[in-house]
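Next, two complexes with chain A in common: one pairs it with chain B, the other with chain C.
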Partner chain A sequence: MSESLTCDVVVVGAGMTGAACALYAARAGLDVTVVDRGPVAGGTTGAGEGNLLVSDKAPGPELDLALLSLRLWAELAALHGPDVEYDAKGGLVVAETPEAYDGLRAFADAQRAAGVTAEPVPADRLHDVEPRLAPGLPGGVRYPQDAQVMPALAAAHLLRASGARLLTGREVTRVLRARDGAVRGVRTPRGDVHAPAVVNAVGTWGGELASRADVFLPVMPRRGFVLVTEPLPPRIRHKVYAADYVADVAGETADLLTSPVVEGTAAGPVLVGASRERVGFDRSLSLPAVRALAAGATRLFPFLSDVRALRTYAGFRPYLPDHLPAIGPDRRAPGLFHACGHEGAGIGLAPGTGLLIAQALTGRTPELDLAPFRPDRFPRPAKEAAP
Partner chain B sequence: MRTELAVIGAGPAGIAAALAAARRGIRVTLVDAAPAPGGQYFRQPAPGLGESVPQHGGRTWTRLRDALAASPVDVRPEHHVWCVERESGGLTVHALLGPEQRASVELCADAVLLATGGYETVLPFPGWTLPGVVTAGGAQALLKGGLVTPGGTVVVAGTGPLLLPVATGLAAAGVRVAALVESTHPARLPRHARALAGKLPEAAGYAARLLRHRVPVLTRHTVVRAHGKDRLTGVTVAALDARGRVRPATERLLPCDALAVGHGMLPHTDLAESLGCRLDGHAVAVDAEQRTDVPGVWAAGEATGVGGAALALAEGHIAGRSVAARLRGTTPDPDAWAPAARVRARGRTAAAALHALHGPPAHWGEGVPDDTVICRCEEVTAGAVREALALGAGDTRTVKLLTRAGMGWCQGRMCAPGVAAVTGSPPAPARRPFARPVPLGVLAAQHHRTTSPEHRPRPEEGSP
Partner chain C sequence: MRTPEDGGTERAFEVTFDGRPVEALPGRTVAAVLWAAGVTSWRTTRDGGRPRGVFCGIGVCFDCLVTVNDRPNQRACLVPARPGDVIRTQEGTGHEN
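So, the complex of A and B:
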């Protein structure tokens, strides 16, 4: 069966990023078609967590995008809050040594200057803020802007709200280009979809899709495990993590770097995540990774020792060499836009990304400078090596 | 602790393998979650209650039990294996101890045999969560394990070869079996007659016993609803048409105190999957020696496909002999186990035929009303699953993500077939990295023991 469709823009990828792009593009008046090879939220969006964080971001373009996105998330929550399980619970970053506490506060000062709300919490107030925390911690910083959503629900509901046409079960095998190089749609095994604009929102597989448009984008997978406990009555109020998480986000080693974020969920289970490893697309269980998660979580919350992990799952964060996403038009292929490579923050950064893409699609001045996110900032290696 | 062969599961397959390997000089440790060996088929009556209930395969069991007692096999009951880990030095079996399952022990082995058996599937229908509704195996287990009858009057329903022994077993124990409700059409039987030849005498025996106990048999029928407020008072059954849909105006009420219902079995594959073993459909894939594709890991019995106790015994025997040879660095001679291989071949053919015969009723999912709970742990209704489909979920995994169906305590062991039926897609093997829920403290303690300080991730305080 083959069919041919025409629209203003094809968004490839029905994850969180694709959903946000579809929503803001549709709001800008465009006729949008979303194409995914699987179901909605079947990629990394369905295999991660839904922390919307500013707390872990240093001043710079990613923090700017996070601040924009959190503002947009709050707006979206007014319409879809319960559907997407939005919870503005705030984050608490704790230090495990006095030196770490000094470092955290200095970090928070810099973030405040960039527009983040960050409140130091000294040792004697930690337990008012988070009663079940381990004793003896030197202090922490509270971030009221940190929030959370349930990623799969968020992607599904925002996609529905966008009113975009959704084509699932269709892999894009080719980005179609005219003789002059301009993009003119996508090819799927079940027919072509014609459009003058195509958005690459396929996350971890963004490099592969880029190559199907004959451009280079080195998106790579970074594995993460999450531990899920049995359901508990609410005992953990914030997203709580130790300061080493901040270091790991920009960490350069390929070794296991585990920095557990501990949080309760609306449904009851506590989530502990996530590990960070560069091991390609290997999904098999790594006991060392989940042990490290458990060790970190029980160090912060000793009561968790007796709580059972029901399961663990792994996902693959999409990352680019400089740990910034690719957002915006690709000068190498007119009509091709990228919105991928958000690594461990793609849920949080989705609305901002969607808005920026919609502004670029409609020729308006983007809310943020897109230069740091330029998709063509990575030169193709001299000898083409598979990413 | 170290051993040469760790056998997980002390059912027919595990016991046969342990004996075959031990007889050839292999040091064997046999672990099982249950308080005593036997597995599903040879489940032992609770001590003190005597043996007044006829045991299945009585002579075979006595022989196995005595051989096991006389053997050097180290039998360890109440070991709940939650994971098997591949390490450079071999394989490590991690097990939680006793009914509390708080403390974990490690068993290091050169080879592991997965003989974990299978579990029953039940498809949902209105009222299936009422007290008094049990699985067919549950009824059997009550009968076999505690000599308790689930109620005065029972209906046995569903599909599959388990229903016959369950119904006759209950009847023999003095329970009134109001009906045996089987959704398969008996006319389909002859098509598989040749493959089933080995099974037919057994079936004929059951038929005679059903007759003797005056158990009415309703084929091509299904339970459409279970009634009751706080507990079961009766069930409505109805006839099915050729396409598996309920025929209008055929419903009738059968009063009863218990309903034993089952729609077949699925292999336990959790441990195999986290080891990275290849699956063949829902079963662990094995070669002619019962080896999986992961070095050092064998599998036998219902873990490799559901097919009855005789098949499990044969596969276990072959696996045990293969392990014995391979651990000594020799290539086993298949001729040495030719009789067992013949039993295995016959058993697998019959199992395939039974499987084809007893497929769960088509269109089951369509008939489940919106307000029927599909996932008990998370209280997800059929309507919620349909809502997720409308949102763009295309398979059981995304249905689970959008509804939480299968995310609760049982990790979908109970509801996965029902979710798949309502979703309209084939049930996919579930990825369950932990075969049992494991305390975070157990994992954390292992981290501290296995990680030397210099390997532990070092916090680089405060710097982005």
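So, the complex of A and C:
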């Protein structure tokens, strides 16, 4: 059966970012419909760790967005904290060589000037902060602002709190545009949803949705695996990762990069990341990747060598060529807004993104300058010759 | 087709569950041995201490975790029982806090 709905804004994507956009748009008084071809949190949101990090970000627009988002996460936690397993545990970045420790402290100095709290932890204090760390590490930096949520729960609870109409199992086949180019809704196999504004919050598939509105946005997938251990009593206090993670995040290679990221969860299992590969949407298990994860984690936490890894899961981080998300109105298609391309930081950056989108939707001045996030900053490549 | 109930040539052996002897047949998983002995629960949940046993039975759901020979978090539905196995009810994570 086909039906036709009308609302103020259609948010495409029922992941973390779509949920945050729906929440802040609804708070701004808009009537919101969320549409997703799958279930809630069925894409990258359901395949991550729930990192809310400032620690891995150099001063710049992404750090500004992270600082805004972490403030908003703390507000959201006051309402939904236990439901979404919010844990303001703090991050601990550890260096594995003296040179890396020097680099880490210099990085932290720059972050501190930008508003990040970053406390160097010398070697003789590391085990007070994180008792089960390997011996002999030269030092680290503690970031009290880093936190964690369970991302699928967070998306689901924020969607519910938004009061938005939720249409799952419906793929948007077309972003409808009027003759003058303005957006007027979306088409799904079960009817159109009419609205003067559409938000592209489909993460890794954001480029495809953009093309369904006839605009270009080069979002690409960067695969990552997470290893899940057997449930343990609390053993690891912080989100702990090695200093080379920061370099990997910014890395340009398509080859496998791994750097250990280790954290406990409210449910008991320890999650071990992080691998990065550019292999398209290939979901097959990579033994070299998960082996490297396990080796990295046991290097930081030797006790993990006696702990069983129960399973692994994979997801696709949405990345744009300059590693910044696309947030804001698209001048090429009036009424189209983008909120995608957050790479591995989407859970953390979601509330800030949602707030900025809501401010843009209601014609207010966004809290942050959206220029670095402009969705039309990537020129469409010259047409390739047909094969 | 041969079923464990045929008995026949393969000999039963003994394992223990929470200290009491339980008869096991070759080829059976820990879960099958416990079920055959009338035991349907061998773990309590981490929150609330609720009883758990086999749910999916094919190694997917991790509901049937049990401690075998002092190693917690083994999937009872996948681990074959061996002579002399010491099987114990797993409380919570099975690790000491």
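Convention: the second predicted complex is superposed on the first by the 383 of 387 C-alpha atoms of A that agree within 3 Å, B and C clash if a C-alpha of one lies under 4 Å from a C-alpha of the other, contacts with A are read in each partner's own complex, and residues count from 1 in each chain.
Basically, a contact is a pair of C-beta atoms (placed from the backbone, for glycine too) under 8 Å apart; a residue touches a chain by one contact, two chains touch by 3 or more.
Computed from a prediction, not measured in an experiment: that's the story for all the values here.
Visitor: With chain A superposed, do chain B and chain C clash or fit?
Guide: Aligned on chain A, chain C clashes with chain B.
Visitor: Scan A:Ser284 for contacts with chain B and chain C and give back first, second, both or neither.
Guide: After superposing on A, A:Ser284 lies in contact with chain B but is clear of chain C.
Visitor: Based on the superposed arrangement, let me know which partner A:Ala178 touches: chain B (first), chain C (second), both, or neither?
Guide: neither
Visitor: Quick one: is A:Gly103 in contact with chain B, with chain C, with both, or with neither? Answer first, second, both or neither.
Guide: The first partner, chain B, only.
Visitor: Is A:Leu232 touching anything from chain B or chain C once the two structures are fitted on A? First, second, both or neither.
Guide: So A:Leu232 only meets chain C here.
Visitor: Look at A:Ala14 in the shared chain and tell me whether it touches chain B only, chain C only, both, or neither; answer first, second, both or neither.
Guide: First partner only.
Visitor: Report for A:Leu310: first if it touches chain B alone, second if chain C alone, otherwise both or neither.
Guide: So A:Leu310 meets both chain B and chain C here.
Visitor: Who contacts more of chain A, chain B or chain C?
Guide: Looking at chain B versus chain C, the one contacting more residues of chain A is B.
Visitor: Among 62-70, 134-142, 314-322 or 440-448, indicate the stretch of chain B whose C-alpha atoms run into chain C.
Guide: 134-142
Visitor: Share the list of chain A residues that count as touching for chain B in one structure and for chain C in the other.
Guide: Overlap of chain B and chain C footprints on chain A: residues 230-231, 267, 308, 310-311.
Visitor: In the complex, go through chain A and note every residue touching chain C.
Guide: Residues in contact with chain C: 230-234, 267-268, 308, 310-311.
Visitor: Quick check on the complex: what are the chain C residues that touch chain A?
Guide: Those in contact with chain A are residues 46, 62, 65, 72-73, 92-97.
Visitor: Looking at the complex, which residues from chain A come into contact with chain B?
Guide: Contact set of chain A toward chain B: 14, 38-42, 46, 57-58, 95-97, 99-100, 102-104, 106-107, 152-153, 156-157, 159-160, 166, 168-169, 227-231, 242-244, 246-251, 255-259, 267, 269, 272, 284-285, 287-288, 290-295, 297-299, 304-313.
Visitor: Residues of chain B touching chain A in their complex?
Guide: Against chain A, chain B makes touches at 83, 85, 102, 274, 276, 378, 388, 391-395, 397-398, 401-402, 404, 407-409, 411, 431-434, 437-444, 446-448, 450-451, 456-464.
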